[in-house]
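Read the structure below first, then the notes.
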Amino acid sequence: MTERKLMTESDAVSRFVDDGDSVYVGYTAAAYGLCREVVRQRKTGLELIGGSVGPQGTMLIMGGCADRVRSGYVAAALRPGAVQEMMNSGKLKYEDYSNQAIALMLMAGALGIPFIPTRSFLGTDYLDRRNVEHPGAYLGEKKWKVMESPFDGQQFVALPALRPDVCLLHAQRADEFGNVQSWGHQGDAKWAYWAGKKVIVSVEEIVPHEQVLEDPGRTIVPGFRVAAVVHMPRGAHPSGAIGYYDFDYAFQGVSGMHRMSLSDEAWRTFADEWIYGLADHAAYMEHYRERFGDQNLARTDVDSGPSPQPGVRYGYASELPFRMEDQP
Amino acid sequence: MTEYTLAEMMCVVAAREMPAEGVVMLGMGLPVLAGTLAKMMHAPNLSICTEVGAFDWEPAADVPRASIGIHDFLLNAGAAMVSDMVDALGTLLMGGNVDLGILSAAQVDRFGNLNTLVIGDYLAPERRLGGTGGNTEIACLAKRVLTIMPQERRRFVPRVDFNTSPGYISGPGARRSAGLDRQGPNAVVSTFGVFGFETPDGGESGSCEMVLEAVFPNIEPDVVQIETGWALRVAPTVRQLAPPTEEELALLRRLDPYQFYLSPGRY
Amino acid sequence: MTERKLMTESDAVSRFVDDGDSVYVGYTAAAYGLCREVVRQRKTGLELIGGSVGPQGTMLIMGGCADRVRSGYVAAALRPGAVQEMMNSGKLKYEDYSNQAIALMLMAGALGIPFIPTRSFLGTDYLDRRNVEHPGAYLGEKKWKVMESPFDGQQFVALPALRPDVCLLHAQRADEFGNVQSWGHQGDAKWAYWAGKKVIVSVEEIVPHEQVLEDPGRTIVPGFRVAAVVHMPRGAHPSGAIGYYDFDYAFQGVSGMHRMSLSDEAWRTFADEWIYGLADHAAYMEHYRERFGDQNLARTDVDSGPSPQPGVRYGYASELPFRMEDQP
Amino acid sequence: MTEYTLAEMMCVVAAREMPAEGVVMLGMGLPVLAGTLAKMMHAPNLSICTEVGAFDWEPAADVPRASIGIHDFLLNAGAAMVSDMVDALGTLLMGGNVDLGILSAAQVDRFGNLNTLVIGDYLAPERRLGGTGGNTEIACLAKRVLTIMPQERRRFVPRVDFNTSPGYISGPGARRSAGLDRQGPNAVVSTFGVFGFETPDGGESGSCEMVLEAVFPNIEPDVVQIETGWALRVAPTVRQLAPPTEEELALLRRLDPYQFYLSPGRY
């Protein structure tokens, strides 16, 4: 396909993220920059989806963008504060699953099958009817169903397929056509690339199409599945991108980010400086440099880890022998 | 002008029938040759995929051949992504990403159902065939299907001996009641002409029967009827198809250097 | 793991292939050398498994090793002859699936779930009860089951999980611990590496463990899942190995291999010369060179196709910033 | 000899309890630190895997830290394979390849069930927690489970407020009737000692209750009872555990350079 998918984060989010959408927010290389843009554009009524929803999801909750979360882990609920209160008061609806469940549900959505069996959750309190109907629930009987295998009577939990309206992902590189290449442990991202109805990917590097063709096995999703690709160096900050930069834990402390879920005031203090007050990701990185200097940014640069040596080839023979003309 | 066989014309016309863009999954046999020809002629934006795991394959201008089968290693050169069969026939196809499936089979019937498995009764076969490979799921799950097969009365039958690959099954509404999505517009390209199907909505209404829409040069509709096993519907106006251009023929033959697909007298 | 898995094909097959086993026989990089060894050791009662079972499976059928086949395609049944007769007479039992079905069934086996839904087969004659009970059948009601989704009523076909007793695979390279690396389109092999109870892999190259660690994303199965790894250069001959050598169609003609399914005589003629008469794969390649010369073998060498350029790194920061000591 | 905290002792003892080989999946928190310590001390053949997608991770002798969480990029350096969560929690774990799961939680009960989700009633929580992550499936599907958590009466409860992660559930036969496989021998390592479970066959028979089997230096069984919310079963002979060696302590502290796991007074 020769349709160009490269655009700014502003265009990508305004064109492809609609109020009320269900949104996968990434995991190992979380799309922090794209999430900040969603907050900046003040989208509303979003449902957050992810095996474990980290601080990038907290921003969408505290920013008033998200009112539902379907996940196995909500980082913002770890400490008492505004998010816990929202979950108790019903202002934030939630459906508790697990990392495996969300990953399998995304796979089922990608595969186009109605559900996928799991043997997780058997024997737990999650399956009690009274817990399925908890105050924060919004799926009810559509959450899951305990069944028996028609072949061997094995009990299992049927997990419904999950096709997020939008998936926000950050990867290492892509070409302008949206062919995305990613490496390293993927968490639940791999299947999100295929489960999303609209896939938006921010990348560290835009590379020539020819470079993608040199190693098609490194491609995690082809361009025709991608709605938008955004060139966003350090776009995963303050998380990291394997091979480029590592997590900036210090920033989360000094910026007030690690306190943003405690109260609306704490959120405003952080968000006014680091999201609303900045036009885009470029301005965000510029502000970082002004506040903390290049040397603090440089402390997260990667300095260790392996690189593949040459040796792999996707080789074929240009002329195939169909007859033996020249036997000795 | 250059001589050409009806099989060559069939491939050229099938290529012409392919859309300018979209995701295409190529089945075994002539679909590989016709799909490659289309991609290199009028449809450079076609995203060619195979069930073995090549995604969006772009043949180089000097590609030495069309893929031998669908597992040819050259499909890894020029592909935007390579993966596996679950990703290709599951994620890509069942996930709803395939706009057009290109298929071939031993038999086709008036509703466009295909048979790749057995001639005669499955329980007492007259002749066993290789099997369906990925043909079944492509017919079930692609948004559109284009079928390429030689026109012979024993191949164009009223009802396939065994429906391995559903078209419109038994007529209007049959796909829905079977649990399948709507499909179409579907087409068949034979060694005589091009056929559509009489349904405005992918199998919900209309007769859903095959309709002759275009014929090759010097092929009369009544000749097509002779090699069709049922009373064939014919469009009010039947298009006359132009013969292969020199360019089409030259490229087609260059893509089949071993006559793997178009050996003399094979069709 | 430091358990060494490297052994000869003779040891691998005699130790891990038992009479009566279900055996996945590979696809894109088919384990021809391992299949020839199974024929040589005259194993019996095997069930063949594969999306499409090619000539490597034909050898096991004609060699009297296999009496059942579960597949979407049986190459040997394409032409009239001994295999078609065996299928008609009931000497060779068979269950017809499809490429997608076998791939999904292997995935379900690998995932440890009892079955996997598909929307393929709906509307076909495969699902008619009379066809499920065809003369060659051996699975009956255990073959599949048409069901409805508990969430949306969507009809689907439940495919039972498939865990072959043995999977025979050929890949590009592995280390002595059985960490296998493979690239290029995989067909249904990817999930077979995880579905098999006993996994035997022949490879073109044995590489140092350090080379595996340089590119862990290229690893398709870790050593602890592998029972045996066999160093077998050109072990996929007369099929090919991506990046090493391509298909040797000429050999299949002149050796009589392409006629082996026609009759027992045709089989004996081929097998006596190319399997029974040779001690192992090394002898097979030596005989090839004697019969046809190096120049014919060289015609299948790869001369085209891309190689990845440097640029990928699995990088991390050895020191993470947890505090900002040095703000400007 | 060097001073050490009970939390450090807990990690050292948990490491010692790990087998010399086999496939281990490390849950969030202290399991990462203890598992890495075991791998670098007595169990070099342990295959360390994470739910994020690292398989058979081998820390270099000079590895700068234990993984920060289970998503630390350094898990890609030394892994024999890296992949994704479906492969790790599905193919690897549910596929039956995980010999031992190492977990931590907010609560554990007499049957070894864990709670990672909520304190109090799920329908009217006293306190909401982060959630289970992959804890639930590891408890359901690993062949054995080793749990690491500080010994406190509010954490060692008769019945977990919410069973997110089944041990022996309600006693003998409960795992089978829930559709789960047998599991064990399971163990719990706390800041006071080591506990096993009274069942000879992975939960089919026996009381399936937690049993105190070993204690840290200067910890008396009755002290353990004080910090346990039910009448604790005690083995006929309770092993006395040796304090951490200088080597164990030095390595443990080197693996936690930022005191991410063992900050002073955290436990």
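Letters A, B, C and D mark the chains as written, and numbering starts fresh at 1 in each.
Assume contacts are C-beta pairs under 8 Å (C-beta built on N, C-alpha and C of every residue); 3 or more make two chains touch, one makes a residue touch a chain.
It should be emphasised that the depicted structure is a prediction, and the values quoted were computed from it without experimental measurement.
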{"item": "Chains touching both chain A and chain B", "value": "C"}
{"item": "Greatest separation from chain A - chain, by CA centre", "value": "B"}
{"item": "Chain A and chain D, separation of their C-alpha mean positions in angstrom", "value": "28"}
{"item": "Length of the line joining the C-alpha centres of chain B and chain D, rounded to whole Å", "value": "57"}
{"item": "Separation of chain A from chain C, taking each centre as the mean of its C-alpha atoms, in whole Å", "value": "34"}
{"item": "Residue numbers of chain A (touch at least two other chains)", "value": "112-113, 118-119, 154, 156, 183-184, 213, 216-217, 240, 242, 246-247, 249, 302, 304-306, 314-320, 322"}
{"item": "Multi-partner residues of chain D (at least 2 other chains)", "value": "54, 64, 68, 73-74, 76-77, 79, 82-83, 86, 90, 93-94, 141"}
{"item": "Contact graph of the chains (line, ring, star, complete, other)", "value": "other"}
{"item": "Every chain pair in contact, whichever chains are involved", "value": "A-B, A-C, A-D, B-C, C-D"}
{"item": "Interfacial residue positions of chain B with respect to chain C in the complex", "value": "50-54, 64, 68, 71, 73-77, 79, 82-86, 89-90, 93-94, 117, 122-125, 127-137, 140-141, 162-166, 169, 174-175, 178-180"}
{"item": "Touch list for chain B against partner chain A, complex", "value": "21, 23, 44-45, 47, 54-56, 58, 64-65, 68, 72-74, 76-83, 86-87, 90-91, 93-97, 141, 258, 260"}
{"item": "Residue numbers on chain C that touch chain B, as the complex places them", "value": "27-28, 51-52, 71-75, 77-78, 80, 84, 87-88, 96, 98-101, 103-104, 107, 118-126, 130-131, 134-135, 154-156, 183-191, 240, 242, 246-247, 249, 302, 304-306"}
{"item": "Chain C to chain D touching residues, read off their complex", "value": "1-3, 109-113, 177, 179, 194, 212-213, 216-217, 219-225, 314-320, 322"}
{"item": "Chain C to chain A touching residues, read off their complex", "value": "112-119, 142, 145, 147, 149-152, 154, 156, 158, 160, 183-184, 211, 213-218, 240, 242-251, 253-254, 291-293, 295-296, 299-324, 326-328"}
